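Only one structure is covered here, and it is reproduced in the block below.
Each chain carries a letter (A, B, C and D) given by its place in the written order, and its residues are counted from 1.
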Amino acid sequence: MTVSRTVELEGHIIDSGTMGMCFGVVMDMGGEFEVEEFEVGRHKHAETYCRMRVMADTEEELRAILHELNQQGATVADPRDATLEAAPEDGVVPVDFYSTTNHPTYVRVDGEYVEVEDVEMDCALIVERAGQEDPQRVGDADENEDGDSTRVYTKVLNAVEKGDLVVTGETGIRVEPPERPRNGGGSFGFMQGGVSSERPSASLIEEIADEMREVRENDGNVLVVCGPAIVHSGGRDALADLVRTGYIDGLSAGNGFAVHDLERDLYGTSLGVDTESLEHPRKGHKHHIYTISEIVRVGGIPAAVDEGIVDEGVMYECVENDVPYVLAGSIRDDGPLPDTITDSIEAQSAIREQAQEADLVLMLSTLLHSVAVGNCLPSTTKTVCVDINPATVTQLLDRGSAQAIGMVTDIGTFIPMLAEELLEE
Amino acid sequence: MTVSRTVELEGHIIDSGTMGMCFGVVMDMGGEFEVEEFEVGRHKHAETYCRMRVMADTEEELRAILHELNQQGATVADPRDATLEAAPEDGVVPVDFYSTTNHPTYVRVDGEYVEVEDVEMDCALIVERAGQEDPQRVGDADENEDGDSTRVYTKVLNAVEKGDLVVTGETGIRVEPPERPRNGGGSFGFMQGGVSSERPSASLIEEIADEMREVRENDGNVLVVCGPAIVHSGGRDALADLVRTGYIDGLSAGNGFAVHDLERDLYGTSLGVDTESLEHPRKGHKHHIYTISEIVRVGGIPAAVDEGIVDEGVMYECVENDVPYVLAGSIRDDGPLPDTITDSIEAQSAIREQAQEADLVLMLSTLLHSVAVGNCLPSTTKTVCVDINPATVTQLLDRGSAQAIGMVTDIGTFIPMLAEELLEE
Amino acid sequence: MTVSRTVELEGHIIDSGTMGMCFGVVMDMGGEFEVEEFEVGRHKHAETYCRMRVMADTEEELRAILHELNQQGATVADPRDATLEAAPEDGVVPVDFYSTTNHPTYVRVDGEYVEVEDVEMDCALIVERAGQEDPQRVGDADENEDGDSTRVYTKVLNAVEKGDLVVTGETGIRVEPPERPRNGGGSFGFMQGGVSSERPSASLIEEIADEMREVRENDGNVLVVCGPAIVHSGGRDALADLVRTGYIDGLSAGNGFAVHDLERDLYGTSLGVDTESLEHPRKGHKHHIYTISEIVRVGGIPAAVDEGIVDEGVMYECVENDVPYVLAGSIRDDGPLPDTITDSIEAQSAIREQAQEADLVLMLSTLLHSVAVGNCLPSTTKTVCVDINPATVTQLLDRGSAQAIGMVTDIGTFIPMLAEELLEE
Amino acid sequence: MTVSRTVELEGHIIDSGTMGMCFGVVMDMGGEFEVEEFEVGRHKHAETYCRMRVMADTEEELRAILHELNQQGATVADPRDATLEAAPEDGVVPVDFYSTTNHPTYVRVDGEYVEVEDVEMDCALIVERAGQEDPQRVGDADENEDGDSTRVYTKVLNAVEKGDLVVTGETGIRVEPPERPRNGGGSFGFMQGGVSSERPSASLIEEIADEMREVRENDGNVLVVCGPAIVHSGGRDALADLVRTGYIDGLSAGNGFAVHDLERDLYGTSLGVDTESLEHPRKGHKHHIYTISEIVRVGGIPAAVDEGIVDEGVMYECVENDVPYVLAGSIRDDGPLPDTITDSIEAQSAIREQAQEADLVLMLSTLLHSVAVGNCLPSTTKTVCVDINPATVTQLLDRGSAQAIGMVTDIGTFIPMLAEELLEE
């Protein structure tokens, strides 16, 4: 062990698992540690402090260990500024760039810790110094009230531009991973990573309804991510009710969800198929294509609502109630609708904006769109994942929020029960 | 092709798939067929008749083909009596014994077709001729009103006794596989073999409620097969309501279901754990064991109800409302309760009796017990399979009834919605 | 029943299930049928012929029934030309447009049946009469040897152009759904719709290897559709071997697969992580991003191969052996790589071309990309679906080919065993 | 907070998660804690010591908290003997009985800590003092070398006898939960609770093979738990090879596994069905029943081997190589075989014996039997869980061993690759 560095941790780091994780990281990666100071939090509200020296055989190994420790919230003790290096080309990061977590993060620039804006995982950190002009942001000058202070923000790889000042290494970066809450927890679990299959479904639905009410009372933003199973399983009308009554502030979905929703409207009323009993469960894919064709003809969903072609359903309520929606395209789409964003980078940007505004995200029966939204969320955003497939729920919770409820249930009974809970009181 | 035999089929054999299946069987198994007569059913209510000669290279191959054709409903044309052979020992069948399907079956004995009693799959057929004394059944003489007519009934292997006259070969046996119904179908599907995930959950629940009402109006028998997930997921109270209001006529479950149900009662009221919010989701397996210990102490569930130790829940309502139950033991049980039948053969016999009485079976979130019940059901019994795992639903439908609804949903929302549908009108 | 029409069916329609399905369709959709002529195929190789009159209460109902019957292979008896209607606008089809199946299809134009080119499901049929100039295809004139004969081809909705002559109704269209093969079947199942979990894995792998050998001997085209699990589970090296030895003629995947493959190469050799033992199973998402950054820097995968940055793996072998690949973007991608097609319509077009050339498609552990490829395949293309999730395999088989093998297995053992089977002899 | 008690913890309690879990338990259950002394383990090999006072509002709440803390390894500080109470009746435990974990446990009796024999979870602890005569164990006197020292052992509820001295409360009990290993881990994970789907399958199989070799070299005992899928999927021959070559020391399965194995032998050789190609995939349930009938006729599997009726396969190799097996009955069995233990309590006892002897347990494609075996295992026994269903693997790891490998793979490729790894060197 020829090289070493001292790191510090602070907070409810024992019951949050951080301390144990850090010891484990060092041992797993072939390093050694020596605790130099340890002050345990002696009761519930007291924080623990740990300073330890981490040793490794080579600089490279040490750097790898420090990277992992940093992601757990450890800070390199010796207070120095973060190192910065200019991006060599568009879409290219310096060799040792710092890759973000989704936790609140602070970067030391010119002696001051600056909070990272729009935290999101797997991004580069870009530093824009006070006075320094970001060529890309010139046009936004009037929007940027912090124009004269230093900013640090995330950029996904494809947005990195030649010359961007990118943070490298681990020095001068402080991450705040989620801590076990002290207030008895409340409804949202702490880093469960698992699925509450042992909880009664009805009481979980009540807790989710409580959370939605609270977000609404605080003028917060509820984003719903929707898969087509919502329409098949009979959850559509209840979801439309929730949009109409103002419980939903944004919708993220794919082309397929929107087409199924519109088709149910167009063909439920016009062609005599009873949408309740679904007496003709023939393939009817023709209806699907023709629905798209009709929307193309008038120029999009809002136009279809205006012309009275569409007069109920989730998309209708979104248009009527000014609830913004993003429809992201995929290679398995039919059509697509004119409203669908077919370029995946453009679609990601639109989703990113939705995600950053959300205070509560309901992920309903779609893995693809939920992952896309989840990728853009900070770990502090509350999340509810509902799917009939436990593997989907587990996968979403694993990458996700520190405050998450996972529920393995039938979306066709979940949404009606949630709407009843919220609307019938 | 040196050997051949002529078989006949009759009924709605084209749209029921029987005819196609028979052609396929012959080709798959290396035989040939020659259709000798074919009279197509020219409209919806007309039946189709087919007589064809089946050829094979060896007697053994021919016999194997005939066995498969027989199971599809084909009858060897030349009317002869079934061949009978005495069982050589207890639990042993003759080499070429006939293994039953779960469809209505008729056996030709002394020139007359006798309907098989208690049809069940994978059994031997036992013939008891008029006047012939079945040594085992002497004591039942007064119960047997058909004492002087010939009887044919199924026996599982372990019940076969030395000397029983067992049907062998395929001659003289007529099977009536289910046909596609002519009356527009009704709610229960015909041999779907799949799962109606494209149907709205709420409308499926309505159909199941309709069926339960109809069975009750006709003084029929509804058997419910229960897994412990009913208790965990919060469906217990609604199920108890259905038992109390007379919608359930029998219950089949394992030791685990009963213990969870009793524990929820004992510890929900006595130890202050709030069963709704489950605020202490610690392992609490101690409660599980102690619940069993308490029931052992008083001598069983009925005694626990009598003594007032148990005063709510599914088992309580069964006792109070004289709804018979079978608790079958398994190697993963704790305890078990004194009411649990630990011997698997004995438990199968008890389950067989329940199954034979049932007009409608609800299989709720248990693969093991549902398979055990399903094994004893004729294909004419209506069945509803509900599970959150699609593989479980598919597996149950595959071995099951011709009239089945499969539903992939959350038992914790399904039972409350079903009870609401049945009780609130 | 006030309206009627006569339809005909021909072929091995009993054991292929077509006949039964047609009777069922009419009854399910509220119609009646009257068989006017029926000539059964009296032995294995003889075909069956059926002419029947179909009746319904309204023209609209009759049309819906005829649409379904047509998709099963029934032809409206009275020989008339298909009806054609010009597309009113780009991306818009006439009201009653004919929506394709994925079966071989013939359209009657000017008294002659013309085979549809590039059959694919859920498309419109475009007729281009002899002599008629397709403005879009002017540039391709020299490629089009049939320039002076009438052509019928499929167009997805977004490719439909104002003025295209679109087939409407069901008249003059003949579909040939797959028939049960007469030759004993061979390895590929007929419309199983299920998964061969009862087959020994090793013998299924042998059959797939046999098929691949046969395709290669006939200068056919094997397309492999790849998910990232191939890399995680350890199937990458064996797949690279198959590409190098010429068993793979095209590759379809997403950005994620390619990045994982490249990262394994870049970081397996250069940064000391042992790719075999994966001793440092830390998140390492930084490597993922940096891999993309490196490929961006040099300008794409071929350039990275040229510069020696990438010198092994699946993508490397594709480049070195001129095996064309399509990387389709998705909203969950990091990066993406410069080689990834981010627009979903453009990506679909590239996938469509791959699909149309393929004689055998191996779908390996990816639902999204397999569905996208499957959507473009005619039902006559042989398909192998391999996934550890049975739901994925079932879903792919359900939409798929008439000749398909579904296998629920571990891709990390499947590919090495397949390669051993193909390469070590 | 009116009542309190002091507890101690010692060991690698930070990185093993114990310390954090204990803080969490107290907070979750409404108590408070006050750390009185804390000595952190300053480097990898140093242990941590913590003494803390736990407070609660009522004695009952305090007792509940202490129960949970005890299960995590905390010891009530004040050294007192365990409290003992006689069981009031057969199968009944005292109110406050101590319910065991599956970790090594020590009980203080007469001032000395005695190690618990045959540790198993959810049991009662029975104390038998030196000199005290256990009426039940008289006959075993010569086997019991410790006859004159105090013994503490586990009893499942149904084995508890009136008068047994049962440990109650938490005083005087020390539990040693598993600690994170210091030696770099080795192949078996520490309390992963998850599934290594990110590991290459082939390298995981190598590690399992290494472990099996090591157990064999140390004259250890490998127990294999088998489901019928082993036979269907083609893993049977390789498993038989492993039995023959001495890599398996015991087998635990159900009636179904044995019948499938025997049927494959009887009908693979005698009736011309090719077990490799499975050319006749018809139901063939008749073979299943007849196989049982044949074994019944000769009196069991060993007799069938003796008489030459069975001459290959897994059961054959068990008989020939004196590998003991337990076949446990279930309500879904056909037959059953004479060798099957139909009583579930009796079967559990037989399984318990197998489990206690095992050093390594391979759980292969059976949930029911794996859970039954797992229930009897101490947490120190190494375990490998292999199933194609990730839910099964997760469920088994969750209840299981501290040293476990979970692998989601195809048993039909896993066993052949494992056998190749072990036998071809």
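Note that in this section contacts are C-beta pairs under 8 Å (C-beta built on N, C-alpha and C of every residue); 3 or more make two chains touch, one makes a residue touch a chain.
Composition by chain, UniProt nomenclature: A, B, C, D = Ornithine cyclodeaminase.
Computed from a predicted model, the values in this text were never measured in an experiment.
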Chain located farthest away, centre of chain D (Ornithine cyclodeaminase) as origin (C-alpha): C
Pair with more cross-chain C-beta pairs in contact, given C-D and A-D: C-D
Centre-of-Cα separation between chain D (Ornithine cyclodeaminase) and chain B (Ornithine cyclodeaminase), whole angstrom: 34
Intercentroid distance (Cα basis), chain D (Ornithine cyclodeaminase) paired with chain C (Ornithine cyclodeaminase), Å: 47
Centre-to-centre distance between chain D (Ornithine cyclodeaminase) and chain A (Ornithine cyclodeaminase) (centres being mean Cα positions), rounded to whole Å: 40
Contacts with 2+ other chains: residues of chain C (Ornithine cyclodeaminase): 28, 391
Residues of chain A (Ornithine cyclodeaminase) that touch chain D (Ornithine cyclodeaminase) when the two form their complex: 14-17, 19-21, 23-24, 27-28, 32-35, 38, 40-44, 50, 180, 182, 184-185, 390-391
Touching residues (chain side chain D (Ornithine cyclodeaminase), partner chain C (Ornithine cyclodeaminase)) in the complex: 197-203, 205, 229, 232-234, 276-278, 281, 388, 408-410, 412-414, 416-417
Chain B (Ornithine cyclodeaminase) - residues contacting chain D (Ornithine cyclodeaminase), complex: 25, 28-29, 60, 64, 67-68, 71, 88-89, 91-93, 95, 97, 99, 121-122, 124, 156-158, 280, 282-283, 285-286, 288-290, 292-294, 296-297, 328-336, 342-345, 347-348, 351, 368-369, 371-372, 375, 389, 391
